[in-house]
Amino acid sequence: MASLRKILIANRGEIALRLLRACRELGISPVAVYSDADRGALHVQHADEAYRLGPAPSVDSYLRGDRILEIARQCGADAIHPGYGFLSENVEFAEACTAAGITFIGPPASAMRELGSKTRARAAADRAQMPRTPGSVRGLTSAEEALTLAKEIGYPVMLKAAAGGGGKGMRAIQRPEDLPSALISASDEAARAFGSGEVYLEKLIERPRHIEIQLLADQHGNVVYLGERECSVQRRHQKVIEEAPSAVVGPELRRRMGEAACRLAREAGYVNAGTVEFLVDEAQNFYFLEVNTRLQVEHAVTELVTGLDLVHLQIAVAEGKPLPFTQEQIVLRGHAVEVRVYAEDPDSAFLPSPGRITRLLRPGGPGIREDEGVYEGWEVPTEYDPMLSKLVAYAPDRATAIARLGCALDEYVIGGIRTNLKLLRRVLDDADFQAARIDTGYLDRLLAAPAPVRPDAATDTATDSASIAAMAAVMFAAPAAAPTTTRAQTPWQHEALRRGLRR
Amino acid sequence: MTPLAVEVEVDGTLRRLALERNEGGWVVHMDGRAIPVDMYEPMPGVLSLLMEGRSYRCVRTVMADEETIAVGPRQHRVAVSDPRSLRAQRKRPGAGNGVLQIKASMPGRVARVLVAPGDAVLAHQGVVVIEAMKMQNELKAARDGRIVELRVAAGDKVASGQVLAVLE
Amino acid sequence: MASLRKILIANRGEIALRLLRACRELGISPVAVYSDADRGALHVQHADEAYRLGPAPSVDSYLRGDRILEIARQCGADAIHPGYGFLSENVEFAEACTAAGITFIGPPASAMRELGSKTRARAAADRAQMPRTPGSVRGLTSAEEALTLAKEIGYPVMLKAAAGGGGKGMRAIQRPEDLPSALISASDEAARAFGSGEVYLEKLIERPRHIEIQLLADQHGNVVYLGERECSVQRRHQKVIEEAPSAVVGPELRRRMGEAACRLAREAGYVNAGTVEFLVDEAQNFYFLEVNTRLQVEHAVTELVTGLDLVHLQIAVAEGKPLPFTQEQIVLRGHAVEVRVYAEDPDSAFLPSPGRITRLLRPGGPGIREDEGVYEGWEVPTEYDPMLSKLVAYAPDRATAIARLGCALDEYVIGGIRTNLKLLRRVLDDADFQAARIDTGYLDRLLAAPAPVRPDAATDTATDSASIAAMAAVMFAAPAAAPTTTRAQTPWQHEALRRGLRR
Amino acid sequence: MTPLAVEVEVDGTLRRLALERNEGGWVVHMDGRAIPVDMYEPMPGVLSLLMEGRSYRCVRTVMADEETIAVGPRQHRVAVSDPRSLRAQRKRPGAGNGVLQIKASMPGRVARVLVAPGDAVLAHQGVVVIEAMKMQNELKAARDGRIVELRVAAGDKVASGQVLAVLE
């Protein structure tokens, strides 16, 4: 297959920018699309070409596959990269691309249909002799059916959107009386988010870890796994912190999970990058959860420990190139931890906090990677996911990676909107997290406990950080702060230093 | 030059301090001590303070409803004031007296209105549902009362801090 | 030895910030020192403590070892990290630290004396049976001596500062008549830069590559090499672009150079991080050049291909810990390329361009690391080195790393001062550089040729980038550009898109 | 609204173009074409232009002596002007007539002055040596002439663009 010259990026935010940069690095011309809310977004500013999709709401813009395909055709793009979310797991869209002779950078529609739908994927897992959680292998048609099935497998149970991802359309149900209403709201939410309201039901595993295997398959039948990611730190089934490798996965378990994942991929004729999610219980049994037939938000941690670039590889595979390495050549080195920075307010029920970013001071330093999609002055739209950026730290070992990420969070300042930066810092400081004593319920338990007060280096009340804040407040309020160009030492400065040295 | 005495509310607690300016430097009078402070403003909204050798980076950010100063990683809500204006503040509706405003906690769209003018509501009862970023959030009454005013209808776009209803 | 609690960073700029971050990650309290020119510098803003050294000139501030030591003593620092340049290779300062009971993070004074002086190092190399360039093994005392020696080994010859680094005090001499004046100016420059005017003379190797070995030694006799760096892209003996690994060094040559370097280190009783520089000719013969008894500017590329953090390791070694790995465990993966961003104007004889940075738009993305020391609004002082930051790209292979770095340079905008960004981009685009056909004379030859015009994607003159610039200039000049909050599509915007789609 | 005609000097060559504004959008009349341009200003000094589908990020930076606009990675020196002011510019000393100013090409300190007022100098002859960032740089006369004015002495601090000497 010929190499690609122009790729339309059917997404927004940090992933659109990350894909755009990958295209440039490969000498491919990146084309952006945008909604009215995103006219000023970085992916529009940095693209070679940019075309308007429509009004802000996703259904009028980033979910308008017809419009996107029309744009691709008319601007001469030979491929479309859907990123994650939006159209990334939409089989009809993938088929429409193929029909239009435009390469869809992702798995073939057949594999998406087989694995993209969680219900079908569970059936496929059975055929591939993979352990999975008990529950339905097709969508629920009525509350009655749900209640019967739930009774059969026993509470607590979990409702999930067949087309879902990112926790949307998911509900954990403890008691039968909550099931009917939950079914409706889950189905509604799924329909709003994915355009399909299909919901299924499965047994809820107690205190599971969420561990997933990164797959990569080419068009020539080669399938490899690039190690695992642990994504157990979640809130409402929404991943918040991810890492690679998992602290509890050794070479043997990695091999078993990896090979099972590859088996499933071969069974489904899978091509390109994909992720098989598992639940792992205390006894290290793993249960097939679902397949994400796309690039994951958290792919960065895998890139850092493998030294590979998954988007470059996705494009190479889409161009028909064989994988440039074998399973044996894939070696994990070091440790990577990623936090998702959200525009939400942990102090008031995690309300979304869209609005203008009036101050943005980014962290930096060795081992720090940020996949960002915002800038100072950018207005975070109300219409989309509240994720602002992904901050990732790489280091030779897990403890150092966590310490490094913590320091980066301390440097980070985002003003004008509320974010979860402080909460992320709290998790990194938490003894259980540091000891990797985590499961998918860990964060909710942490949040139920009062936040510990961070020790202050100050020796007396006159110089604790509240006092410093008070002084700064007055100085900010005072007419004209000291000229930034002054270099001369004032007597007071001398005095300050003399005293400082005298301590 | 005589020290300027101010009261600063930091995270809800009042701090008294006196400052004195002196050719580009400052002296802070606090807890009976006079502490020289070397101040530098690398960019608007950011102050670098050197005080008894210690270095502090203070970043000021303002949101509709409040001013925050981050000292290194530590965030503090601050309000500079003198006693008079403080008293004045206490007179604001919603703070102490019989009228309570229910404000939008985030920008978004009104999904549903759960009450009508004149309705009696109980504490924690839902009043308005706002949707943003695909999440619905119910705003509840902080205490028992009666809806004397309803300023929004379903479908309205609302800004953060906008008054949605008034409770009496 | 006890672990360190507080480290004074006796440096400025990007390296001071990089060291400061390393301290924080290790739970060590970083103390900054600053000259009057650096009161507003990032390393002062981010330190736990900061103390003034004196006026801007280095001799009054960052070279004031006495003052720095006094500050360290009085603020209770238990160690000093000198970074590179300034006091990093000053034996007297290292000895004074030890005498004061403060750990100098670097080699013992004895090893510095042995290897830090280039003349003594050449003698040591002889003892260690290392190939070196012909020339003097002690400082020149007179023009006559220089002329005699030069005649002996034959022109062209090279003058070098015994205490030197970064090309200061270096002169290449083609003819005897140029030698005396060059000797004086080189000696003056050396004295200004290092406080020692000692200069020696060696045979100039034609078209050599500059390849150096990164060493790491602990206090228990363990010495390892962390692969090589190629630093052949230089201007006036000043490194501009560095990479790891070298495109021309295979496992065998790497082992031979690495083991020779380790031999020298053992011979000199070397401890901590150090670098042995070699010249390598077309026949892949390598000649000992000098030893840098400190952390190198370009250490980042080694960190990226080894996955290690050299500063963390320096501190661990200083704490008396044994190296956490053996030579066999050190594996190079991928490729890293670093460019040094200088405040200088390649279009007018590389004049330094200090001044206020009025605009700073930083590049980013996967595999990009920037070690930076500046910010928008920062005034680059006239008193120090013109290096603003180090931009580094890591990728699975050299070609991708170069492409990635090129894209990052394209994103980079620095306003208010002149920089070498465009020149760096030109080098990355150059066929010889891409083919690794480089030697220490490569860049000067490139600069002698006229700069090629970069192809413009535009199809007609109406939309070439000069026309766009013209339009933008008018729009900037026009009263009040479009409000940044407007979302509504104007008829013109529709029209623009319609046309865009019609092409 | 009638198009506004302007001349813009880009990298030394003059370009004529006519622009027309229209509710937030622009139309550029150029080489006989009318090209609609969608403009957005994400931050002061930065413009995102969409023109016939193509996206351009234009960043404006100003240095003492000139205005530069970067279009993506490409830098262009620009000067917006109408013919009159252009003619005016040509009258500036140093541009065309007999007097030539020798300006500091960078901030720094005067290390040496190599000429005296009244001296005749040849093209490329050194006039003043400036030191900054440990590098010495010799400023040379652009053409033969005579030093009619010398405005600095050894040791002076000089700013970028500051006139050091005047050649006639």
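In this document, chain identifiers A, B, C and D correspond to the written order of the chains, with residue numbering beginning at 1 in each.
Note that a residue touches a chain if its C-beta (ideal position, glycine included) is under 8 Å from a C-beta of that chain, and two chains touch if they have at least 3 such contacts.
Model, not experiment: these values are computed from the prediction.
Ranked by how far their CA centres sit from the centre of chain A, the chains are topped by D. Across B-C and C-D, it is C-D that has more C-beta pairs touching. Separation between the centroids of chain B and chain D, computed from CA atoms only, is 48 Å. One finds 32 Å separating the Cα centroids of chain C and chain D. A separation of 36 Å divides the Cα centre of chain A from that of chain C.
Among the residues of chain D, those in touch with two or more other chains are 38, 40, 42-43, 46, 50, 53-54.
Within chain A, contacts with two or more other chains are made by residues 39-40, 46, 48-49, 51, 75, 377, 410-411, 484, 488, 493, 497, 500-501, 503. Those residues of chain A that touch chain C in the shared complex are 17-18, 21-22, 24-27, 29, 36-37, 39-40, 46, 48-49, 51-52, 56, 70-71, 74-75, 300, 303, 307-309, 311-312, 331, 333-334, 364-367, 369-372, 377, 379, 394-396, 400, 403-404, 407, 410-411, 457, 484-485, 487-489, 493, 497, 500-503. Contacts from chain A toward chain B in the complex involve residues 168, 189, 192-193, 343, 345, 348-349, 351-355, 358-359, 361, 382-386, 409-411, 413, 415-418, 422, 425, 454, 456, 460-463, 465-478, 481-484, 486, 488, 490-493, 495-497, 499-501, 503.
The touching residues of chain D, counted against chain A in their complex, run 38, 40, 42-43, 46, 48, 50, 53-55, 57. Contacts from chain C toward chain B in the complex involve residues 32, 39-40, 44-51, 75, 375-378. Chain B makes touch with chain A in their complex at residues 4, 6, 8, 10-11, 13, 15, 17, 19, 21-28, 30-31, 33, 35-43, 45-47, 49-54, 56, 58-63, 67-76, 78-80, 105-109, 132-135, 137, 160.
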